[in-house]
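Going in written order, the chains are labelled A, B, C and D, and every chain counts its residues from 1.
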Amino acid sequence: MLVKMRRDATPDEVKTVESKLHDLGFKTGRLEGTELTLVGVYGDISKLPAGEIAELPGVDQLIPISRAYKRVSQKGGPDKPIYATVSIGKVVCGGDALAVIAGPCSVESEPQIMEAARLVKEAGADALRGGVVKYRSSPYSGWEGLGASDAESLKQGLALIVKAGRTFGLPTVVEILDQADLRIYEDAGVDCLQIGEPNSKNQALLNALRTTPLPVIHKRGNSLDTEAYLLWVERMMTGGKENVILCERGIASCNRYTRNTLDVGSIAAFRYQLSGLPVAVDASHGTGIRDLVHPVTLAGILAGASVVLTESHPNPLIAKSDGHQGLFPEQLAALVKAARATWTLRRELDASYLPSATLDLAYKDRMAEDRQRFFGK
Amino acid sequence: MLVKMRRDATPDEVKTVESKLHDLGFKTGRLEGTELTLVGVYGDISKLPAGEIAELPGVDQLIPISRAYKRVSQKGGPDKPIYATVSIGKVVCGGDALAVIAGPCSVESEPQIMEAARLVKEAGADALRGGVVKYRSSPYSGWEGLGASDAESLKQGLALIVKAGRTFGLPTVVEILDQADLRIYEDAGVDCLQIGEPNSKNQALLNALRTTPLPVIHKRGNSLDTEAYLLWVERMMTGGKENVILCERGIASCNRYTRNTLDVGSIAAFRYQLSGLPVAVDASHGTGIRDLVHPVTLAGILAGASVVLTESHPNPLIAKSDGHQGLFPEQLAALVKAARATWTLRRELDASYLPSATLDLAYKDRMAEDRQRFFGK
Amino acid sequence: MLVKMRRDATPDEVKTVESKLHDLGFKTGRLEGTELTLVGVYGDISKLPAGEIAELPGVDQLIPISRAYKRVSQKGGPDKPIYATVSIGKVVCGGDALAVIAGPCSVESEPQIMEAARLVKEAGADALRGGVVKYRSSPYSGWEGLGASDAESLKQGLALIVKAGRTFGLPTVVEILDQADLRIYEDAGVDCLQIGEPNSKNQALLNALRTTPLPVIHKRGNSLDTEAYLLWVERMMTGGKENVILCERGIASCNRYTRNTLDVGSIAAFRYQLSGLPVAVDASHGTGIRDLVHPVTLAGILAGASVVLTESHPNPLIAKSDGHQGLFPEQLAALVKAARATWTLRRELDASYLPSATLDLAYKDRMAEDRQRFFGK
Amino acid sequence: MLVKMRRDATPDEVKTVESKLHDLGFKTGRLEGTELTLVGVYGDISKLPAGEIAELPGVDQLIPISRAYKRVSQKGGPDKPIYATVSIGKVVCGGDALAVIAGPCSVESEPQIMEAARLVKEAGADALRGGVVKYRSSPYSGWEGLGASDAESLKQGLALIVKAGRTFGLPTVVEILDQADLRIYEDAGVDCLQIGEPNSKNQALLNALRTTPLPVIHKRGNSLDTEAYLLWVERMMTGGKENVILCERGIASCNRYTRNTLDVGSIAAFRYQLSGLPVAVDASHGTGIRDLVHPVTLAGILAGASVVLTESHPNPLIAKSDGHQGLFPEQLAALVKAARATWTLRRELDASYLPSATLDLAYKDRMAEDRQRFFGK
């Protein structure tokens, strides 16, 4: 965090800011430009009383600097590879095992979600997903989910997926669209909430989820840079919340063939450089094409994901929404098997991954010698 | 709208769908493929009981086709240049005069918003904007608006801008972030609501605004295609709501220099091809650079905007948010004057705009002759 | 320009670099980090013997900093509004008058280009454009221009447009695709070369054009940031070339409705902040839709363009390429008239444009007072 | 391919077009609209004499339809999984083994490239890459490769990498920037040419490479849609050329953290749906961050790549270009080992990949039954 002083701030005002920060336990550094002074603040920024500092005389504004997502990154990064785990019911995400969450785009009826859950269990997946209220890009699509009409329908829809999950021993993941419904989701016994892509920057929703004990899967908005997304995730965590799972589900680009562009570079950055939180890959939305879900999911695991989110349906040809990207039951079973094999490989390979930090100094010491060898100087 | 029949639908099921649609007053066309049959539906799709049709035997799903935003487009387009007007208080948007809405990014204090309003009035603008709850990309920015803490603070913040607007005879435009607050905004006497870019696809918010009598400025999401955006606007209008204003405020692209990429092509498409709704241009967010707001706003007017949305501040150097893009008071006055001159020019030029439809047939008749002239055949 | 020293560079090596730069007439500044030292170089970077500096002991690399496009920007910017002019034959671009360049996508036959030229002249435009070799996104489109087969066909095709231009007193603008053909274009009597979007980063072509006396219109690549594009333009100018015209013709984005996204923010940045070179707007490729060319061209002029590039055809319905975006003759005439009226307005408005630099100090002086007024502190 | 008839075409003209196509061995289908008629052409479009058809009376234009890249796709796709192989020297790409091509961004001196080659060999890679003329985004970077000044320097630079490759038994891959230099590259004994991203749409270069016997790695332009790219690749292959390797190296997007966005969805689409050509993954440019190259390369292999292209340097800290993304020697060795393990896994997994085509009919047959089960109708 940088404290930007006003251009007319006095030296005394700068000193007051620094003293205040020291009193609060932060370290500071000063950058004096010809125009104005910046005070750098070091320490656990998540505990900085920003409003209080902003009110001090001479302060212009607080500027979040790169890696301002302190809580998102606190347990991770190359220097501190202690990764967090987040539990969805009894399923541990980010731990030793890969977690696979599968299920239909939407809960369509009791027999449908029961059969879907049975097949998810049979395929070897760990948790059940299913939407009760659905985003639809057109208001005329004729289907917005069982729970779209009112609070009562929402309760009934949630009850169906919770029943299906419990019947087959699968924790449940359901998307929430409106903060006003939070209590209904919590009371229904859902095991994990999901923030969909269209709500990735929904400030009211993110603020409200700060206090829920439920874990949250937060999908990256499709026009958010890698780090800009982490700042929105950080918003949810500022009050102390820890059980959050990152999710890459594809971003917007020049691509027309695939629905979105799944960004494995960001998955790798989350895993190896920026965060300690578990990362989910959603290749269903990331490609929008049923037959690409398999290879792209596996790619996501090797890039760094430890959670798989995928759409499957007992018969996707009659799905009420997103049937083109839902897996057939046999495809789901094949994917779970392949994903677990890929996970095993990744755990082996992780042991041999060599970050630059382990080599950098040695090569720095050789710079003069190598320069002489290669360029004669 | 297309009704996609199941691949195993019987000819009788297709006929039943067609009969049902005819009974409802729609015309239909049939497209028989080797795999399945599509039934095209013609008429006012906004009145189609989509759920009912989707339930008929043999129906797979309803597919919205291009221009499925029937209500967005109903009064406009090249063939029917009868453009809609939307009133914000006593200010008419989309009519004979250009409407300029200016004001600070956020309402910061009573003296600040009163002074801002005075300067907006003095500059010759028509309405006052100002945020009471603010989006912040970082949760550590230390300022989320006067109304961020609770309902009471929201009421007090709204009261300030309403007072400022009324004092200077300016209707007020304020952003709403959460549908649960709608009644508070309505009761406060705000004259127009704004949906910000991060909430452009917030389904719960859009659904809730269907019933407000207040006009709504709906900002385009920065990764939404021209027509995809109109479908989200359409969502708000399906129940009969008419007083909606489109707003282009920049989209995501490869650009780094400007904050966003203001898309004049879409403004022109909204105005001349796709919609009858008034279109606003917001060059403050569209460029993010104070000194580009002036030329880019004028560009937006000639492209087709009839509403200008711009950020200004009594002294942007001390603004609590977005100070880098807020206009100085003198710049606002210069912009309003230039915008009105540009509007005068556009109205003159519109008379000489020649859409292809007026020429197409004549050149079709000359095709053979011209081919002979140019290519000897 | 920054000179980045190696991490193991000695203080003496840093001093040697600084001395060398001083001897060459540059000023320097030193930035000492904990890891390494950077030497900032100030002066006309286009005259810096970069290779020589890079070879000095202890130097790691040279880092171009923002605004490294010294020649592109040398005559412009907010502080120095002395804009360059570039002549295409007798037509002056960037001067007091707007220059309109129109003509068919491709030269299709002698009668076609003669008729096209006649109509361009009649419409009141200033110069004639037409491609003799054409980019085609598919190799199966069946038409790659009259000059596509060999050098002889290229000469003949060029002769046709030059003849047409001279007959009607219009200088000619033709795209060049391969540096190996440069002499053929020069000998043919073409008045201006164009670099198309697909070749915007074609280093061999840009290097070769450094020595041509012909003016060059360099179209921005559709994935190049505003400033990254200027660096590619700068490449052509490093050897002393001055007669270059910038051209915005649309960039890639989430948009599907329009072919590309015309970026008026960059046009404004070129004109008001980054460059003194004339700027052309090409709304034909910028939108790809005939009926949007008119409003979007006018938008480009108010944003800062002083050159209009547009496709027109005697009968676009029989054009061999890009017929969907070529203007009908009557539309061209209407556009030229409207563009000149817009230009007149812009020249009037430019007088009242207030850059922040003229206001900034006054508002800085008021910061304390305004803070007291608004926030009581 | 569609033949679009003119709107005034006579029924006889349509018939003549169809007869001509039948005579040439193509099948046709007719789509009669209210405005005009389209004739669909089925067969090996790469053999269609497009110019000849375009000249027939009544023909307006030829419209390439999706999958117009007939030669790119001829050996592949879900129905015909017979994948092509391309040989670079003795290394077979696209066959049973993974091919790893590594080496420095640029050939900097003889000792440097010899040492680089030695380390590439030692790491277990298969071929050596290195640029002799380099793209530089700034013309002031002070280094454009050993071969940048003239033909003689190009020959000498090429000789160095060829010598290094032959010394260590590694075929060589070098980028070509200008078609005029083709003979020099061929004569130098280079084993494979590379088309860089900036030249992905360089029509003159692609046309010239149609006749080279050397294999070509064609990098995807960073704003080209999946299929649009394949059409540019197809251009090179129209004359019969077969030894082409696709390469995904990242596309432009909203991302700032990584240099580009590596698109595994397109890699999967190339491999499993659109093409039979070998696919290379270049995570060096795809991420631009040394420590992300490892996981993202592995992701690319599981998505469908069978060729790895990666930058490595004996000491990247002193590399003259792109040092931030070049691997340290130990990292290269770790990557090659991990890549081969990943390849082994992918070959195992490919056996269990279930494309929808194998399941679709069975689920179609169950649609009525499932609908009854789930929805009671």
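Definition applied: a residue touches a chain if its C-beta (ideal position, glycine included) is under 8 Å from a C-beta of that chain, and two chains touch if they have at least 3 such contacts.
Source: prediction; values computed, not measured.
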item: Winner on C-beta contact pairs when A-D is weighed against B-D; value: A-D
item: Label of the chain whose CA centroid is most distant from the centroid of chain D; value: B
item: For chain A paired with chain D, centre-to-centre distance based on mean C-alpha positions, whole Å; value: 32
item: Centre-of-Cα separation between chain D and chain B, whole angstrom; value: 40
item: Per-residue multi-chain contacts in chain D, two or more chains; value: 6-7, 223, 228, 251-254, 256, 317-318, 364, 367, 371
item: Touch-based graph of the chains, sorted into line, ring, star, complete or other; value: complete
item: Residue ranges of chain A touching chain D (in the complex, touch as defined); value: 78, 108-109, 111-112, 115, 223-228, 250-258, 260-269, 271-273, 283, 286-287, 289-292, 294-296, 298-304, 314-318, 328, 330-331, 334, 337-338, 341-342, 345, 348-349, 352-356, 359-360, 363-364, 366-367, 370-371, 373-376
item: In the complex with chain A, residue positions of chain B that touch it; value: 1, 6-7, 45-46, 48, 50-51, 53-54, 60-62, 64, 68, 133, 135-143, 177-180, 198-199, 201-204, 221-223, 228, 231-232, 234-235, 238, 251-252, 317-318, 320, 323
item: Of chain C, residues touching chain A in the complex; value: 6-8, 55, 57, 223, 252-254, 256, 364, 367-368, 371, 377
